[in-house]
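Reading through the structure tokens given below for one structure.
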Amino acid sequence: MYTVTKNYIEKMRKFIRVDGYLCFAEGGSFEDVSHSYEDYGVVLEKDMPNLLPGEKRINFRELTAISTGLAEGAKKAGGKVSPRFMETYRNILETYLGKCPETTTYKGVVYSPKDFVTKGLGLNMSDYVSVTSFTHYPFYTQFAIEVPDNWRWDLSYNVTIDDLIAIMDNAIEKGYTIAWGSDVSETGFTRDGIGVVPDMEDLAKSFVGSDQARWVGGNNPQARPQIVAPVKELAITQEMRQEGYDNKTTTDDHGMQIFGIAKDQNGTKYYMVKNSWGPTGKYKGIWYVSEAFVRYKTMNILVNKNSIPKDIRKKMGI
Amino acid sequence: MYTVTKNYIEKMRKFIRVDGYLCFAEGGSFEDVSHSYEDYGVVLEKDMPNLLPGEKRINFRELTAISTGLAEGAKKAGGKVSPRFMETYRNILETYLGKCPETTTYKGVVYSPKDFVTKGLGLNMSDYVSVTSFTHYPFYTQFAIEVPDNWRWDLSYNVTIDDLIAIMDNAIEKGYTIAWGSDVSETGFTRDGIGVVPDMEDLAKSFVGSDQARWVGGNNPQARPQIVAPVKELAITQEMRQEGYDNKTTTDDHGMQIFGIAKDQNGTKYYMVKNSWGPTGKYKGIWYVSEAFVRYKTMNILVNKNSIPKDIRKKMGI
Amino acid sequence: MYTVTKNYIEKMRKFIRVDGYLCFAEGGSFEDVSHSYEDYGVVLEKDMPNLLPGEKRINFRELTAISTGLAEGAKKAGGKVSPRFMETYRNILETYLGKCPETTTYKGVVYSPKDFVTKGLGLNMSDYVSVTSFTHYPFYTQFAIEVPDNWRWDLSYNVTIDDLIAIMDNAIEKGYTIAWGSDVSETGFTRDGIGVVPDMEDLAKSFVGSDQARWVGGNNPQARPQIVAPVKELAITQEMRQEGYDNKTTTDDHGMQIFGIAKDQNGTKYYMVKNSWGPTGKYKGIWYVSEAFVRYKTMNILVNKNSIPKDIRKKMGI
Amino acid sequence: MYTVTKNYIEKMRKFIRVDGYLCFAEGGSFEDVSHSYEDYGVVLEKDMPNLLPGEKRINFRELTAISTGLAEGAKKAGGKVSPRFMETYRNILETYLGKCPETTTYKGVVYSPKDFVTKGLGLNMSDYVSVTSFTHYPFYTQFAIEVPDNWRWDLSYNVTIDDLIAIMDNAIEKGYTIAWGSDVSETGFTRDGIGVVPDMEDLAKSFVGSDQARWVGGNNPQARPQIVAPVKELAITQEMRQEGYDNKTTTDDHGMQIFGIAKDQNGTKYYMVKNSWGPTGKYKGIWYVSEAFVRYKTMNILVNKNSIPKDIRKKMGI
Amino acid sequence: MYTVTKNYIEKMRKFIRVDGYLCFAEGGSFEDVSHSYEDYGVVLEKDMPNLLPGEKRINFRELTAISTGLAEGAKKAGGKVSPRFMETYRNILETYLGKCPETTTYKGVVYSPKDFVTKGLGLNMSDYVSVTSFTHYPFYTQFAIEVPDNWRWDLSYNVTIDDLIAIMDNAIEKGYTIAWGSDVSETGFTRDGIGVVPDMEDLAKSFVGSDQARWVGGNNPQARPQIVAPVKELAITQEMRQEGYDNKTTTDDHGMQIFGIAKDQNGTKYYMVKNSWGPTGKYKGIWYVSEAFVRYKTMNILVNKNSIPKDIRKKMGI
Amino acid sequence: MYTVTKNYIEKMRKFIRVDGYLCFAEGGSFEDVSHSYEDYGVVLEKDMPNLLPGEKRINFRELTAISTGLAEGAKKAGGKVSPRFMETYRNILETYLGKCPETTTYKGVVYSPKDFVTKGLGLNMSDYVSVTSFTHYPFYTQFAIEVPDNWRWDLSYNVTIDDLIAIMDNAIEKGYTIAWGSDVSETGFTRDGIGVVPDMEDLAKSFVGSDQARWVGGNNPQARPQIVAPVKELAITQEMRQEGYDNKTTTDDHGMQIFGIAKDQNGTKYYMVKNSWGPTGKYKGIWYVSEAFVRYKTMNILVNKNSIPKDIRKKMGI
């Protein structure tokens, strides 16, 4: 909630500054975290308690309704605001999310929020870079990914999709994890722990005459072949990736953590992903996402720049 | 600001309760003051300071924008609010209007706000009653005047217009002042200290051939005869009053204080009115309003019930 | 339809008067009936026929659309209306609901509508009072319940919830029935004739291992334990009641008639309620509603004041 | 008001039928009159009185607000209406415009409305035709002029602009008057009785060094040369006419009556026009409109077909 | 797409001309085709290719979104448009629908689009007339059917429903087909190839005790008796037809082609209809529609006037 | 128009990508020019003619209406667009702004647009940097100025206001001009060629007793003292600058060109500014803007980085 508070304040101020031409919603990007850690530090959850007896979770529904109402109210009134406006918003966030503490205690040591990041957690936030791969900007330059949740207009490094995969593989190998931003509203991203890019025509063929087809019948909406790995996948090119971005079938949906690599019985490579949807699915909260899926649907990743292969770092100029 | 704060809180809560079917604006009624004095007391202005260096007045424009935005935001989100919502609104009011103090000091004595009303000012708020005069409810019953600013749905005593005048005259004679709610967006309520109900036909006659008419000419929009007392006025009946209310030409505009009675050279009776528009007009902030105007355009008055003639009190049942 | 007509006329006039800050919808309150009986009397349905051959019911959908359109049209045009406007609305109501007759005939006697109430039905409408129980106003005063359907801003007497139950029990005992306004959009108010406040945790426990649970399974949305009386209920306090009103989980849904008291095998007390939903449910249109439910979800009741215990009447000042 | 009533009823019904894709406003076309005369006849104003004492004119503002509200209300409710809907609208029109009588008395003779047209006024409505001149439809065919006020989708005969002028001249010569629909929101259509198409460049030249220019100066917005006939005019072609219609600078503004032809000192031909703006301007309600203006800005005319030259009638096929 | 292009251009121009009081949607009427054939001719589909590799059909969803946006944009900006506006719209249509060719080649002969209609297809478009049957206009006159899709305001001949049936029967007998505009959102117009007007009361009776009723049960929403011909039908009168049009239960849904007449085992007459819904239903794209259905729900037909019986043609005046 | 075309295309694509959270209006920033020059080059105006005979300027009003309509249309339809959508927009721009040529001819040499920038004009666009001065980001880092017209999210270098002035002075001295983005909706930015920050209190004092004051009088709205340089100005601090940005009284209005420095009789320094408002004002299109005004109201500047003093460049890291 400390990080959420800091980001909401900045988002509201920017919303006012750009006359409301900004997506004021709950979503955000990885850089919201890294910037906030750098500028304001962070505290442990226990040090910023806010739930009253009987409350089970933060009332984000109401906070969002109020925040949006406040922003729209200010906009309707001409958009100029006094310093009291931001004071008001800070009070609202304090009411709903709790009061940001000035210290946090970890293993008996009292830290300021900023010191907790650097000394307590040992993080150097400037080590973290966002990397993506699209062709509408030159490779090995930076650009701000054009999605509504990138309200910070933060820059990502642009590399080829092959280099993006190389960066990811190298990071895992070296023991770094990766923050993975991806489109998950895809048929191939199942609710059962799998992310693949099935070759639908092949799938349809294998479905004919199957036991499932016999039971659910041709007119039944449930008669789509079920996606179970291993499945024959499409070969993903840089062009297919770009087309998905350009026609907006690839969307900026969700952030997860990649922590390993696995292979199935056919030798197909899968990234192991920690999802935040609870211990659901076949693998209790873990998703196995094929390299094809990652190539196709990754919006961007956040990685420690020390985990990037040297030759690629050189091309990136860092 | 103490009284404003207490009323805004109640208005917001009621707005939420009735699903927004309430006029959430800056306006209100006399009873907002008397109820607030009774329920919460009041403090001296000096004891609730809020202006920052350089600020000249409360930023009501921004407060209204924010309040409305908040209310609309809650309404859009379904209208159910948690206790944090009202806490939020109290914080906002504190930010813009100042923190309501728990005591006020008057002539060296420290009072609680409620004690200040009863002991410091010697007021018994239950002495104050609202009186009006309309025919769509029986006389000598109570009803809630149907105007948007009566968001409290407060009741007024309904008496004949003759009795209303008798109440006012008796109050002035006995040394009480009267809170006077009236329509002031009338041609006859000038910006120059006069409130009359001119007989427009008579006025038009006297205008022809006048010096003013000669100069401004017939096609000039400024060629309306200027209203200067004394002027021949219409005789106002209970029916004319009601018609003004029914067709909404009599509106609920403004609250002032009547403190005296005067007569002009023709013996026409005028009420002496303290207006809050600053020391403007011919009489430096005082208006002379004819009995005809008061009979026609008074929405309601707030008077001390002890200032009401006994026979009328009896009819009112108080 | 006679009563509906009289109320729609008053609602439209008030809507215009308060610049549209009023819920102009089909709903209303018990006092709409009692006021209308007192001011305009009532007639038997047979004396105000309006259905054409082939019509089965009043076209309220179209009448509401037209009424709202009319009201919005007048509002958009500035809100001032001539006397023709209300004449227009009376004509519309006559077209859809029928012409209000000047007499009604009952057991061979011809009555005026007002005489029919007093002489034909033997009712003295001033005997009927609305009673409620909330803590945001002092007990034993009156206040207008803040719900959209209370467009009349009518007052209710405020008593403790124990006194409210005492009033109801006394009325039933003395042979009076009670108009009961309640929230019915509660899980515990089933479509099968029961109104209870189940202890959900207890219910969940008993559900585990039940036959029903075995069949519908854990992921099935229908796997909620079915509510069948007798069931363990929550003990309802004045505070719980108030919280339901304040956070708007208790809503102003529906009006019914309480006509009796019953006990189940465990001795739990139920009020017997005539509902207007037709001969549905287990008891063919009758609902058995536990005292806990009534304590929790009653918005207000309308009772004959002669049915109220003397000590309570004294506290109420009537 | 008889004719207005009949047209409003048809307009409302059509509005409902075409799901609101119709301009429901006060405006209309000449054919509204001719169709209404033919289908419903007409009555003398005295036979359809409606003003109450004190009223000076029909309250069209309120009637329009109500009509629009009603139409929008029905549209929002899905657009399907019962027969009671149109009955409602007839009642509204009766309330505001008066009850359509079944007879009218003229010079002592009692007529039905239809007989009054044919026998009382001696009119054969089928003699009246609308004529226009545009190139986006073939000449000597009929088409519905595409303007919002042509809600009836009525057809006009399309002839060359020379033939249109020939028809008008012939009609005046034979003693017929002409209903003239024209754009009057043109600089050249003055408020002082003149309608011309000034050659603005020529006018600007003559303005330089004039006495007026000397006084009002170059930066003064009133420094446009005043338009006083005679003035040098543009020569109007069929193409210029069409361009004005296509780019919507020629609008469907106003209906007037042409009753004569005059020439000025330079021999320029003017049509003499009775306007309905009261006895205003230099010629007390009469406008002198040059042939150039008529060629340029005429939307359509309604003429008795017997007043059309035979050769043109032949081309028109009537 | 050639015909679609030509019609969209005209619709957009008219939308602008009538200030947007026109239904700018995908729908249209038969006359859109006949007018377009006459004014612009037509080309074979192969001569106006537009799909890119991978595209399966025209993207009408996007074209409609763009067209509507363009029209609304122009309307908001005041509604006056330059010639570049229509050039823009022609370009848009070219982008989405393809470039209208200047010739089309059929059986080795190269035609201009207009010649292709007259010489290639041997059609004389002026032979085709629209016929309908409603009572709110006199029979044997023409009027524009008041439905949103009749954006052209085209006229139809109005004949009795008996004559309409006679025209249809004669056409089929003489070997002409008929374009049939009808309401198809009727229970009796099944998705299985049948169009009838079942006598619902009779149907309900036969349902009781049936095998289907036994299985689906009384509370099941699927428990409506299934409509399978033969079924007892209602006898349709001219009044029922008119009522359906007046209360808008008969809607202007869909255009199909009638090409034959058939009788069932009971001798009931059915029209054989080619639908454009693909080879669906019991008869693989063919519908059997009873005369009762056609009498009730036909909006209008388009027929070759040479196929109309002589006596009816005489009454129609053609 | 070449540059406008290239920018509109990018703005539309970004608008679609970020779901419309972008200000799609006519405005932009200096970087629109520099990016466009770098990515697409530029052509001489003569080589991209588009006005038709009779047209005097580009119809931006209509183009904006159409562009906005198109964008809103796409947004309403879900925001996903096919490649045809951008093709459509390119066609629209071509229709209104002309076809972008593939070459431009300058002094007899034919260039490609990109070559024309580098070889014809000798510009290296990467030399140009945007510089600003605000305290909400650290000095000597880059950030995207948060104003609606910065739709590109371009970065500016952040320096102290003293360094910004030093950069400007050095540039002028070295013979470079400066693109100057500033707030011009200030009282002190007159329509007569002057930009100053008057000390209003001092000005008011000097006004009393002046000749102007005598004539226009105290109540006259024109009685504000006229601003004529030299005038006593406020001393501007970094804090005042930031406050103007934070409360949005400093707005992102207008771009001009600074080409020189001048001093008045008192030695006050003024920047000489070429405005694009035509040869208006006392200095025929030139404005003299005081250093105080520039310190206070400059949003950003675009300068050639070679014109920046070395020590400041070093701090900027370029």
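As written, the chain order gives the labels A, B, C, D, E and F, with residue 1 at the start of each chain.
Definition applied: a contact is a pair of C-beta atoms (placed from the backbone, for glycine too) under 8 Å apart; a residue touches a chain by one contact, two chains touch by 3 or more.
This one's a predicted model, so the numbers in the text were calculated from it and none came from an experiment.
The chains in contact with chain C and with chain D alike: there are none. Looking at chain A and chain E, the chains that touch each of them are F. Number of steps on the shortest path from chain C to chain F, with steps defined by chain touch: 3.
In a homomeric contact, the two copies may use the same or different surfaces; for chain A and chain B, over half of the interface residue numbers are shared, pointing to the same surface. Chain centre most remote from that of chain A: D (centre = mean of CA atoms). With centres set at the average Cα position, the gap from chain A to chain F is 36 Å.
We define each chain's centre as the mean of its Cα atoms; on that basis chain B and chain F are separated by 51 Å.
Between the CA-based centres of chain A and chain D the separation comes to 65 Å, rounded to the whole angstrom. For this pair, chain E with chain F, the centres built from the Cα atoms lie 57 Å apart.
Taken residue by residue, chain B touches two or more other chains at 81-82, whereas all remaining positions touch fewer. If touching chains are joined by edges, the resulting network of the protein chains shown is one closed cycle, each chain touching exactly two neighbours. In the complex of the two chains, the chain B residues touching chain C come out as 14, 16-19, 21-23, 79-83, 144, 146-148, 150, 153, 246-249. Note for the complex: chain A touches chain B at residues 59, 61-62, 64-74, 76-77, 81-82, 84-85, 87-88, 91-92, 95-96.
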